[in-house]
Every structure is written in structure tokens, then in C-alpha cells.
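Okay, here's the structure, questions in a sec.
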Amino acid sequence: MSDKVKQILSCYESENPGVKANLTRILMHGKLGGTGKLVILPVDQGFEHGPLKSFEVNPDAYDPHYHFQLAVDSGVSAYAAPLGMIEAGASTYAGMLPLILKLNSSNSLHSLTSDQAITASVKDALRLGCTAVGFTIYPGSAKCFDMIEEAREIIAEAKSCGLAVVLWSYPRGEGISKEGETAVDVIAYAAHIAALLGANIIKVKLPTNYLEKEKIEAENIEPLFKRIEYVRKSCFAGKRIVVFSGGESKGIDDIYNEAKEIKQGGGNGSIIGRNTFQRKREEALSMLREIMGIYT
Amino acid sequence: MSDKVKQILSCYESENPGVKANLTRILMHGKLGGTGKLVILPVDQGFEHGPLKSFEVNPDAYDPHYHFQLAVDSGVSAYAAPLGMIEAGASTYAGMLPLILKLNSSNSLHSLTSDQAITASVKDALRLGCTAVGFTIYPGSAKCFDMIEEAREIIAEAKSCGLAVVLWSYPRGEGISKEGETAVDVIAYAAHIAALLGANIIKVKLPTNYLEKEKIEAENIEPLFKRIEYVRKSCFAGKRIVVFSGGESKGIDDIYNEAKEIKQGGGNGSIIGRNTFQRKREEALSMLREIMGIYT
Amino acid sequence: MSDKVKQILSCYESENPGVKANLTRILMHGKLGGTGKLVILPVDQGFEHGPLKSFEVNPDAYDPHYHFQLAVDSGVSAYAAPLGMIEAGASTYAGMLPLILKLNSSNSLHSLTSDQAITASVKDALRLGCTAVGFTIYPGSAKCFDMIEEAREIIAEAKSCGLAVVLWSYPRGEGISKEGETAVDVIAYAAHIAALLGANIIKVKLPTNYLEKEKIEAENIEPLFKRIEYVRKSCFAGKRIVVFSGGESKGIDDIYNEAKEIKQGGGNGSIIGRNTFQRKREEALSMLREIMGIYT
Amino acid sequence: MSDKVKQILSCYESENPGVKANLTRILMHGKLGGTGKLVILPVDQGFEHGPLKSFEVNPDAYDPHYHFQLAVDSGVSAYAAPLGMIEAGASTYAGMLPLILKLNSSNSLHSLTSDQAITASVKDALRLGCTAVGFTIYPGSAKCFDMIEEAREIIAEAKSCGLAVVLWSYPRGEGISKEGETAVDVIAYAAHIAALLGANIIKVKLPTNYLEKEKIEAENIEPLFKRIEYVRKSCFAGKRIVVFSGGESKGIDDIYNEAKEIKQGGGNGSIIGRNTFQRKREEALSMLREIMGIYT
Amino acid sequence: MSDKVKQILSCYESENPGVKANLTRILMHGKLGGTGKLVILPVDQGFEHGPLKSFEVNPDAYDPHYHFQLAVDSGVSAYAAPLGMIEAGASTYAGMLPLILKLNSSNSLHSLTSDQAITASVKDALRLGCTAVGFTIYPGSAKCFDMIEEAREIIAEAKSCGLAVVLWSYPRGEGISKEGETAVDVIAYAAHIAALLGANIIKVKLPTNYLEKEKIEAENIEPLFKRIEYVRKSCFAGKRIVVFSGGESKGIDDIYNEAKEIKQGGGNGSIIGRNTFQRKREEALSMLREIMGIYT
């Protein structure tokens, strides 16, 4: 085990050895193994945005095995997906890569409230051989306290079973403007809430230079890496792993630049879904190789 | 066991042998046994639309034994119904055909929200000798997250007992226009949600060429079989069994044409309720024979 | 379903439809399907007598798949085995034949008391897709009341889940002489105890003309079929299915004669383990074909 | 993952993906990763024989970290130990090697019966990040049925949580002579019992050419590899992983020869405790390197 | 917190912060706070030997408050007693000193078997504000496996509630000679068993130079401190706290000498009951001051 990973683990001082072992499995796996950086492949967009919008641009991606194989071949740190996607490959790919079972999901057919349904359990994660569970909260939503209480129960159960916990902390809902959802002060706040709830790995969106509630000098939040620094500080001064999602598909140079800024700002890495599987396989592999090269 | 059925089962790689055995029982039963296709007879219309609307046109159908006998004589793959209907014949017809116990039901006396009541349990399915349980979700409804969470619990319990799970995924409710309920993009989305929840067999309505959210070239969604292909792809690239309901009673040629399109588009079969039992018995038997001939 | 099977099922009037369905699955399966007769292949001799003594004479039989395949190819009514043997093939052979999970087992390394250890559960039977559970009691043993109480709990749980129950009722122990273990009066008594405990299918050894406790005219217990008649009467006047095991391997003509006597005496069939798998595969298939021909 | 490991996993067809993932972790770890062979380091001799007898010859071995470090540095497949030993290093070595938590233990202060006390739980294994649990049964002992029933419950619970199960099957007790404890027929029987109970990995002692119950031609059980073949066949024709313990400390050439015979006979590897940690560290590392070289 | 205590705590690497906090409370309390040494006052002799034998020599000691006050005034590290004794002072002395609730007890009216009755629970310890629970096992006794299994459950429950665990490991019973109960090899073995069970603090009797099972050169076990070294090594090379009881009341110089030997041998301290409260209060206070001076 590398010194860098040892140092990261030492920050999780109250976790039992099972949680530490599973964090280690993620941090030591794949091309970034040992660097303290990680790239996660998440495929929950079918749930969130529908299969056609998610996969039609690269129809091979309709097949759940496609993503397992992509995760293995690219050497990313872990693969995250909802129950059905994991079940469809967990046996074939048993033990070949760290799996993160996403335990709740939204869907865009339902647009009235910012909430998610619980769609799998900690027991499912154990029987499917997962390394961690994932859960989304929407700070700012009218359902936010319910979601946080669901998160609390799942975090406690998962950790008692030695599973690591990844929290997706996505501000949205009644309390926040649309632009504010990615405001740097709001993202930092959301990341901090996840840390306070006991998340082992925190996933937030890339922060923009918009400010929803705070006043910060423009020079302190430009360029992106300075905003990353705020988020990193909000994750217990860097003592919790934080990864960033780029969100919608975009140009490849933008993605590389974001990775560089994340690295410079002290973030732990990226979680890249659509920008991976909505490209052709070879292009996606090349892109992931490049990104992981940046983080190395 | 046929190679076709073996291939289908291999896609359910994380299921326990009990679930696989019950899927096999459905896939090997009746006239379509071994073909990988299936026709299911569902009789939950009494719950959904009332007995007079459902059965008065063919009064023999008021008697629950009528449907069991029709299912046996026609050689369909399975018979699905709510608790009372199953209890009324499960002893007489014990072991003679695969039964699917429908665990929740709506009714049209209650029209305020798109929701269903849970009306039976996994334990009921076991004591009644059923092969699978059925459950409906309404993606797009305000109650959708509640229904999905109910589904999750029932799916986990049923599979732990070796029962297969059939999800009826019917988009409706606040988030969707009336026409959108059968829009091809919405149906594909609903089928995908069912797959993500761990359904073994997915039941959706036949998709129309209406588009609720996506933009697809007209040539790609006409005729019907091209829309079936979208739905099939959305069921994990065909790795999950998907069957289609025709909905309201209609002309017999329309029904045959639909079956041909379903077959051409790679769907696994039909679930035909009203169009079966709202015809006279001999006519229904003849129609089912014809449909199963198409699928063979 | 045949009239014969319907008549048999009518005797199980208090069972729920699930138990009836699973009994029907056994009675309608294979070459004897519908005749009301059955031949069961049991492979628990590895547990009882050790693997070398059981399988070395026909080494292919070390492989658990060998027995599944033999049961499928021969068309016997069901295959019975302990947990590990069932797990080793339940997925490959899912849904292809009725499985009976043997829930307790003895072993001949332990020779102090006549008892068995519980080695699997009703839940195991469900997740493995079994049709029935099997359980052994030793009437006459010092542990007999304990075993009967274990049987009672398992019978109640299995039936509540719709599983059929097969009881192996083998008199032995402190209360019975060695010869008495197969005495016709003792065997009839053991069969009756199983019926009283609620067994759906009763398995006993072939009764000899020895008498342990009763006085019966010699002409009434010779030849074998007259002893079978006593046992059959003891199974609620033939209202419970009773099958006979031949025990140690023997000449093939003896086996055929026994089947003829069982049939003449009104027994429901045979359970033939060692005499099957300790022969070469082709010879075993030929023998089973002949035996099932006798029962037809 | 290597083809060899894939082939081994395919034999565990009824296990859930979690169990398969943890078996894979063991089979892909260390120097033998991917070969289908494994060498396990067990340190339960302190419990069984006392600390002075176990560690005084190499006092560094009193320290629990010594064994973790030895397991890591040597590249063995897994490290097995009782609760206290695992707790003493599970945090420092989190995620660095597969751990097997031994759930029951005997001790030689208590010499009246052949039994063990349960000293840890499946929940302990989860919170400590273990890959498998270990459990000992004593076939032939008066307590054998009790131990088997304890094993059954632990096996069911462990597998439902995705943990693999290693059974130590050590014949001893009232039903077996002292020489018979390692008789080839008895060892094969003990291995078969473990397989029937659902063990994923079976651990037995090396069989001698003594025969307790069976008659086998001397030429068929000499040399050792022919006895290994009997044991391997008794593990479902090689479909279950079987490893052998050498027992008491012995000369290094004997150990190498045993490994060669195990390999030739088709065994999956060795479990080497005292012969490892009762040598000086450098000597032990050299020995393990040599043994793993033999298995490669 | 002192470096010494930090170093000791670092050896308890898998314990949760609650257990660590309670260990720290004991290690930082009283006159020995911060030294890594501890002296515990246990008053369970009333249970073990009766009140007259225990207290008549110093009748003030009949009053439970006497012992609390003595513990407070002397500045010992903790006070250990059975339920009734703790309940009789826990409110008056709440928060004034670390309390260890002894959860099982023997009594000398019952002399047939070496066993103890469970007389209090982990919940009692919590509601009484205790810092740790105490439990006795008798390695070598016919009841030893039962006691170990009781200990396992209590250890798991106590630690999950953040309580520290003290195991009294006293060899006795069928497997051990009377002299062997304090033989150095047996005491070392008993201490090791306690460590393997997960004890945080191990209490054993002072070892004599008798040898029950091992052969050790006389020069290696004389004087006492060399025997202490064996016991210390058997407690995971000194990674577990081990304290020694002097046993029967004796001359005060013997007690001081024992403390010196314990210190020289690397033991962590003494647990002194009868030698404390069977002296007059002032004499006891003086003696404890002297002993703690030796350990400082």
C-alpha cells in the first residue's frame, strides 16, 4: 500500500477495518491505484434521464456488460450503478473491480419534487459483492430532511457491515435558484453536509463562479481550481475524499482542463458517466487514459 | 431445456437457482415452451375497471375457474390475477400451469391519484403455489417513488424465496401527458426503470409513435416493430424478457398484426387480457392459437 | 392432469394449493407422470456411507452433475440430495426436474447414537428452486422424540411456503432389534408415524417377514406384496403416497421383482439410489426404464 | 481474471456474486494469483496448543503484526486467524490481503471432548473487512452433529452476506481410531462432508495410507498423490477447492515433496501454519517462495 | 494524554473510539494516570467466598460505599464489582472513578463444576455509568466452551456500546491439575486465550514456576519477573494490557515484591482485592500508595 493511501486512510480514524479495507480496495485499484486519486464510472443516467437519451448515441451502451467491461479495460477505480445494472454483470465480473451499488434513484418522468426512491439495500450490496454503497441527497429540497434521514440509516447499516459510503450531494429544490445549484458556496456547503453525515467519499458537481449566498472576491474563485480548493476545504480540510462530476457531455478538451483544475485544487478525482459511455468505446478508453494520466 | 431458454436464463446471472427455475417453468410451459416467447393471460380487469365492464360481455368469465381453464386449454405460458381470483382456483388447478400472483391493484372507483393498493403478499404467492409475483408501478405519478420503494421490498423478498418477478411498468400521472403514457420514448423509459429495479419479466403497453421528451426521426419509429426495438434495447439490450399488452379490446387482425410486429422487433411476447376473455371461449382459444403460431 | 393424480391429490385435502402444486409437479413429471407412481433418485449415500464406498465403483458419480443428468435422462420423478449436491447443479438444471432438498443427514464416522444433523433449511429449498424437502426420523432411537420435534417444525415451515414434505422413516436404535428394523410390523408402524406427522410422501425400507412385536399368520405376510399391503394400509389406507427403498445394491432381477411386488401391493413406487448410480450409466438408464415400465 | 479461475468459479454455480467475488479475491491474490492454486497462512495454533508451544521457538511470532507482514511479504493467498489476532492487525493491514476469520476454536487445556467454542461471528468478519470465515468440524466426534448444525447456520449467514466459507474438516473423536484420523478413506469422507455442507474451500489433513473402513489396493494409495486424488474426487470430482495442512513441523524437504504430491494429485494447495511461523522469517519466506514455485 | 498511553491505545487498532475512550479513562485516572500502569480494586470476594470470610476481618467493608470511597481516596485506576455492589454506590460516586461491572460470578456454596452464573448485563453497565465490563472464563473446565461462547457474545455487545472489556482468565477444572492452575505455561496460555477472544484488559493470577505441559529451563522462569515476561509475550507481545492478582492475603512485603517483579517483567499492574479491603483502611491506603509508587 502506498504512503499516500495510508495518509488518506489515517483521516478515517473512527471507521472499522472493514470500511478501511473497502476504501483501500478502491484507492489501490486500477491505473490510479496508490496515487490517492480516483476516477469513478457511474451509469445511473438511464434511471435519471431515460435509456434513449443516455444510450442511443452509442447503442452498445444499452448492454450492462458494456460498462463493466469498459470499467475493467480502462482501469478506472470503481463502477457505480443501480441494482439492475449491477445484477446484470456482478456474477460475470465478480471480484474484477470495485462496485458501488447506488441505493436510490430519481427519474425525470417524475418532475414534481426533488426526491429519489430507494431502489436497493445494503444487503443487496453485500450479496452482490460490492465495495461501497452510493446514495444521493438533495440539500435545499423540500424533501431534504427525509433524504438525510434515509442517508443516515443507510450509512450506519453499510458501515456496520464494512461497506464504504459514497454520497452524491446535489443541491436543488425549493431553497435554491437554478444557477445556485452549482454556485461555489452552495457546492461547498453540500460537500460539507455530506462530510458531516459521515460520507467516506463525497461526490459533488463542479462549482461555477456564481455565488448564491456568500460574498467572495472574484479573484478568489477564478479560475476553477480556486473553487475546488473551497470545496476541498469544506470536506474537512481535505480529510474526506471528494470527487467531481462534469455533468452533461462536453468537448474533450474541456474535460481534460477540468481534470487539471481539479488536481491543482486538491480534489481527489472525477466521476465521469455520460462523457464516457456516450463516446465510442475506443474514444472513451483514450479519454479515460488521458484523464488518469493527468491525475497521476 | 431448449438452447434458446438456456441463453435467456444466462442473462439472469445474479439470480438464485430458485428464480431461474421459476423463470424456466414459465418459459418451458405451454405451446410456446422452449421458444423464448411467451403469452400471459392476465385477469385483473375486474379490479381495475369493475366486473360489469370486464365480464358482462362474456358472462362465463365472472367465474374464476373459467380463466384457469382457458389458460390450461389454450396452452398460454402463465396466468396472472389478484389474490381472490387465484385463491378461487389454485387448489383445483394446482400444478397445472404457472401462476402469477398480482400483489397490488388499482380500481377505477378511486380516481384521484395514480396509485395502487397492495392486496397480497409474497407469502400468499408461496402458499398458493405461484411461480411469480406481479407488481405495478406508475412512473411519472406523484406516488411513483412510494410505489418503487414498495416494489423494491417485494422484489427482494420474492427473489429470496425463489419466486420470479413481473413488473407492470405503466407511465401515468402528473409528470406525463395522456398521449405521452404510450409515447415510445416514455414506454422505453418505463421498461428501463423496471429493468433497473430488478424485474425478471417486464410488461409495458405497446408504444405509439408519439414522442414525449425525445426527438427521433419518424423513419426510426415506424412501423411498430421499430418502436419495439427501442423498448427491447431499453431492457438491457434484450437481456430482460419484455412482453407487451395491447390494452383495450380491438379487432382480431390488429391483434395478430401487433404480435407480428412484436416478434419482428425482438419482443418476447404478449400479455392479453380483455382481448381474450371478452371474446367467447372458442373464439378466444382460436385467437390464442393463432397468436402463439405467430410467435413460434 | 390425469384422473389418477387428481384422485391422489384429493386425499391431501387440508394442504394449501402450494403443497398440492408441488406434489403435482412430482406426480406429473418424467416417464411415470400421471400414473400415480413415482421413482425417486436419492443421492445421500456420500453423507451416510462416505464417498469412496458410494462412488468408487462408478467414479463418474463423484461429479454432482452426473446425478442431475441421470435423473433428467432417465425421466425419474424427482432427485433428492443434501445441500452441497443440490447447490452444485441447481443453477445448470434449474427448472428441469423436481428437486428434493434433504434437510438432515447422518454419517457413519459417528456411530454412537442414532441421530442426524440438520444440514439445510426450508429457506435453502426455496432459493434453490426445490419442490420438496426431505427429512429423516429414526423411530425407536433414543433421539426419536427430538428428531420428531425437529420434523414437526420443518414440516410446518415447509408447508407454509408451499413445499411438499418427504419423510424418511427408518426405525432403529435402542428400542428395536437389528432384524426388527425392517420387520413388517415395525415398518408399518414407522410409515404410520410419518403419516401422523403430516408427511406428504413417506419413504420406508422394504419390509421383511420378520415380526418384532405383532403376531401375524405367515400366509398373510408372504410374499412381499402382502407386506406392502400392510404398509400401504398404515399410510391412511393408501391416502398417503408411500415409496420403498431397496437398500444395499443387489442383483437386477431382485430389483425388478421388488418393483412388481410393490406395485401389486399398492405401493406408489421406489426410491433407488445406490442401485442406480453404482451401476454404469447405460446400465442404470436401462434398469430405470425397466422399473418404470413395471410401474406403468 | 485468468481462465483457470473462471473455470473454478463456474463450479460454484449457486453462489451469489458476493461469494464469487470473495473467492476471486483469494484466487487472484498474491504470487499464486490466477493459477487456481493457493497457499493459506493460518495462525490458530496459539489457541489450539498455547502460545509458548507455538511461538517460543521464534519469539517474533508472539506479535500479531508479524503474521500479517509475513503474509503480505510472502505473497500467500490469504491469512486465517481467530478474532483477537485479526483485530490486532486488521486496521493497519486493511485491504492489503484476504483475511479469513476463524469463527471457532478448541484449546488443549480442555481435553475431555472433541469440540470447539464459537469465538467470533459473521458480523465480526464484515466489520473487520474479511474475505471469508473459517469453521472447524470434527466428523466422528460425539459433538459432531452439534458442530455440523453450528456450521450450517454460519455458512448460511456468511454466504447471505457475500462471504466465502472455509471448512476445516478434521475427523476425530469416539468413532475413529487415532490412526484413523488421517486414514485416506476417513480424510476423503471428511472432505466430502464439508462439500455437502456447502463449503467453498475445504481444508483437510494430508491423508496417510492407513485405511479405517474401506479396502483399497495398496498400489492405489501409494504414493501420496494417489491419496490426494481420492480426496479431490470426494470434493465433487474436483469442483470444490481443497487444500491440505501438513500438520506438525517437519523437515523442509518433506514439505516440498508434499506440495509436489498435492499438485500431482490435483489438490488446490496448502495451508501451512507452524511450518511457516516456527521458522525464522527469512527461512519462512524462502520456504513459501519455493512452495509457491512448485504450485506455479 | 501521555505518549505512553497513546502508544498503548495504538495497539487496540480495531476498536471503535468508544472503547478507546473508556480505556483512556482507566489509563488516565488516579495516581497512575498516564504511566501505562494500573491498579484495580476488585470486590467480588463476597460472591466467591461469602461475606463473613471476606469482610468480618474488617467489618467496615460490609458497606459497599466503603470500597467506592477507598478506591477514590487511594487513587486506584478502577473499581470492579458485581451488580449489587455497584448499584449500591453508583449514584453517590457517579463520575468519580472508572467502574468495572463484573458480569458473571461463581460462589463457593456450589462446588461441583467450574462455572459461573451471568449476574448482570451490558445494559446494566451502561445505565450504571461503568467504563468496562468484566467477565471470567475457566480454561480447562468442562464448561470452558460454554463460558467462552458467553464471553464472545458479551464482548461483542459491550464493545458495540463502546465499553471496554476485562477478562478474568483463570485456568481450572477437569483438564488441569490443582498445581497447574498457576503453572507459568498454563497462565500464559490462559492469558493468550483471553487476548484471542478480544479482551482489552487481561487479568490472570501470578504464575508459579510449576510447569504443567511445557518444558522450560529453570533459569528461564526464575525469578518471578521472567515468568511475567512469558505471560506478557503471550498477550500479543505486550500489545494487550495484562494485570496480575496476588490471590490470597499475604504479608505486605510479599505484595511489594510481587509488584516489583510485575513491573520488571513488563506487566501492566495489579488487581488487589482481599489484600486491600481485609486490611484496615489506613493500612490499605498506605499499602496502595506504596504499590503505586513502585509502578510509577
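Some observations on this one:
Going by the order they are written in, the chains are A, B, C, D and E; count residues from 1 in each one.
FYI, contacts are C-beta pairs under 8 Å (C-beta built on N, C-alpha and C of every residue); 3 or more make two chains touch, one makes a residue touch a chain.
According to UniProt, the chain labels map to these proteins: A, B, C, D, E = fructose-bisphosphate aldolase.
Here the structure is a predicted model, which means the values were calculated and not measured.
Both chain B and chain C are touched by D.
Comparing each option in A-D, A-E or A-B with B-C by residue number, the pair that reproduces over half of the contacts is A-D.
For the self-contact between chain C and chain D, the two sides draw on mostly distinct residue numbers; the shared fraction is below half. Looking at which of A-D and D-E shares more C-beta pairs in contact, the answer is the pair D-E. In whole angstrom, the spacing between the mean C-alpha positions of chain A and chain C is 56.
Distance between chain C and chain E, defined via averaged C-alpha coordinates, is recorded as 58 Å.
Centre-to-centre spacing of chain D and chain E amounts to 36 Å, using the average Cα coordinate of each chain. Here the CA centre of chain B is 49 Å from the CA centre of chain D.
Shared contact sites, meaning residues of chain E that touch two or more other chains, fall at 13-14.
Chain-to-chain contact here is organised irregularly, matching neither a line nor a ring nor a star, and falling short of all pairs touching. Which chains touch which is summed up as A-B, A-D, A-E, B-C, B-D, C-D, D-E. Of all residues in chain D, only 11, 13-15, 139-142, 144-146, 148-149, 152, 156, 171, 173-176, 185-186, 188-193, 195-199, 213-214, 216, 230, 233-234, 236-237, 239-240 touch chain C in the complex they form. The touching residues of chain B, counted against chain C in their complex, run 1, 9, 16-25, 28, 87, 90-91, 94-96, 123, 126-130, 160-162. Interface residues of chain A facing chain B in the complex, by the touch rule stated above, are 46-47, 50-53, 55, 59, 62-64, 82-92, 105, 107-112, 115-121, 123-124, 128.
The part of chain A that touches chain E in the complex is made up of residues 13-14, 16-17.
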